[in-house]
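Read through the structure below, which is laid out as structure tokens, and then see the notes.
We just call them A, B, C and D in the order they show up, numbering each chain from 1.
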Amino acid sequence: MSDPSKYALNSKEVANATEEWLLKRGVQKRQIAELVMLLQQQYFPSLTIEECEQNVDAVLSKREVQNAVLTGIQLDLLAAEGKLLPPLQAMIEHDEGLYGCDEVLALSIVNVYGSIGFTNFGYIDKLKPGILQKLNDKKDGEIHTFLDDIVGAIAASASSRIAHRKQAEREQNTDLPLD
Amino acid sequence: MSDPSKYALNSKEVANATEEWLLKRGVQKRQIAELVMLLQQQYFPSLTIEECEQNVDAVLSKREVQNAVLTGIQLDLLAAEGKLLPPLQAMIEHDEGLYGCDEVLALSIVNVYGSIGFTNFGYIDKLKPGILQKLNDKKDGEIHTFLDDIVGAIAASASSRIAHRKQAEREQNTDLPLD
Amino acid sequence: MSDPSKYALNSKEVANATEEWLLKRGVQKRQIAELVMLLQQQYFPSLTIEECEQNVDAVLSKREVQNAVLTGIQLDLLAAEGKLLPPLQAMIEHDEGLYGCDEVLALSIVNVYGSIGFTNFGYIDKLKPGILQKLNDKKDGEIHTFLDDIVGAIAASASSRIAHRKQAEREQNTDLPLD
Amino acid sequence: MSDPSKYALNSKEVANATEEWLLKRGVQKRQIAELVMLLQQQYFPSLTIEECEQNVDAVLSKREVQNAVLTGIQLDLLAAEGKLLPPLQAMIEHDEGLYGCDEVLALSIVNVYGSIGFTNFGYIDKLKPGILQKLNDKKDGEIHTFLDDIVGAIAASASSRIAHRKQAEREQNTDLPLD
């Protein structure tokens, strides 16, 4: 172990590792933005994919989110290498339905932008559109038990952030008093 | 206020009030069981509607669930009577998208049977099948801002309970050692 | 009920009502800041009470927090007036230990600044220092079943926010590369 | 990776591994029971340590709890071996205050017995009595970043379970109608 007296949290390093590991695991921010678009375009028809991606960036800048992303990817990686304790190895490797720590970490991401994101998280976690389908396709031999829930949670959080922002814009742009 | 020295929690009364108020607000246990069937029959083809209803009963026997049901229905009732503080009145009456206390109470129901229920909750909360559609139909003048989320959460919890039970049955009924 | 076609969320009104109702219920922001100081001064000896209050303000500017504050105060008010359904009336009036919807709403406040606040919330909710003691003192005939948990949650959230900010300051002020 | 067609969840193995790994990491059930006693004896003076331990056993029989225990111990073990991705390695090794996935997993344990356990969890997580102090003493070179939160959460859950059970006993043992 390293010398505790020399430890200091390096936030930039945590943020960078989050971005890098998402990419290494096959997830581009644009693909998460596409999930956001799918969830939000019915409510905001003028929403652009660039705007969705900016909101994904904002979600990814939160340390609580970075911690969950890194921890989840770490467990996926170790499962792929067969390095976990036997019952945990089997449960994560096979995305066991009764193992819910992946959902637990995902919900910690959703919570950062509030409870209005729960519904969107559950919806895309069930339907698995776009990148989520690719992450769930176990044919390529990769394990993404945690990552697929985490990506869905980032998209749900970005959707909540957009809903809050759009409301603020709407209220600023109106001359009429709101009742 | 009543005399604090005479107060004693009456659990039977809390349980009974939960059942009665669900009915008064137009929700039959069979209708919640139908949501459970919708969520679980693909995984357990032999599942019966009676079994689903027994699991709904088990969820409703939990005090944490009863507390959330009564609190949510209470807020719906007061909103319908126009008796809430102005901004809360407007938000609950119009099921404001940025008001998330209904999802917060619903999640406290889902949590009792664990994180594996989050996905099912979000999914039916978005799709609004069966009784959820009826509760969301604002044409009848009733307010069910809390109740629709709560009913979805009860169905998601009952689904989680079934998943746990079916696994236990499967392991008891096999002669072969599981590896 | 009002005309749904005329409804528009007025965020300013929600924010203002939150501030007003905290004051009406006997809670000054400075008193919440004092809880924050109690929780954080051992880690940041130069922390000022003004800084604590600024962080309380930041927490109170979040809509998720405003929703929980208003909903909790509303239920306390109605309990004091004896206007709740009988079993809910008794449980909230007597701050029943097995009724946990107050903790549920409080946790939705803590979650906005992440899981590191859970510990601080539990700690002051148990010890009830300062304003929390006053809110818990049932001798004045007021009911604060929800409000005491909510005030503790705001203090815990502001503490988490300070922990994040102080780390950012520390990293900006160092010339040495962090390892 | 193993053959997916041969995978079947072995619940007994998951339960056994949970018990074994708690012991291997230096945590006896009696020590968790002592935390429970500390939290509950003021409310139930006749509570015995055996009763506390039975409630710890009941909490540990829940799969959601087993999943969190195994996942947390796994991450502690890998951190001790220096096998995690660099920023995660540093954060878990040094029990970084801004890393909250340990609290997130712990809360998933508390949630199983409902929100009334949040306060007890936070309280002992801050005070670190008994076994929690030993787990936090970093002098022995062991890493228990996850385990100390998890043990606190098990104790808080067992306390909630006792509170529910004692109420049920009280209501059964009275001849007088409760009002």
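Basically, a contact is a pair of C-beta atoms (placed from the backbone, for glycine too) under 8 Å apart; a residue touches a chain by one contact, two chains touch by 3 or more.
Everything numeric in this text was worked out from a predicted model, so none of it was measured.
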Matching chain pair for A-C (criterion: over half of the contact pairs shared, by residue number), options C-D, B-D or A-D: B-D
Chain pair, B-D or B-C, that carries the greater number of C-beta contacts: B-C
Separation of mean Cα positions, subunit C and subunit B [Å, integer]: 27
Residue list for subunit D, restricted to those that touch at least two other chains: 9-10, 13, 63-64, 98-101, 104, 108, 114-115, 164, 167
Residues on subunit C engaged by subunit B in the complex (per definition of touch): 1-2, 4, 7, 9-10, 13-14, 17, 21, 63-64, 67-68, 70-71, 73-75, 77-78, 80, 82-88, 90-91, 93-94, 96, 98-101, 104-105, 108, 138, 141, 143
Footprint of subunit B on subunit A - complex, ascending: 97-101, 103-104, 106-107, 114-116, 118-123, 125-127, 163-164, 167
Interface residues, subunit B side, partner subunit D - complex: 6, 8-13, 62-64, 108, 111-112, 114-115, 164, 167-168, 170-171, 178-179
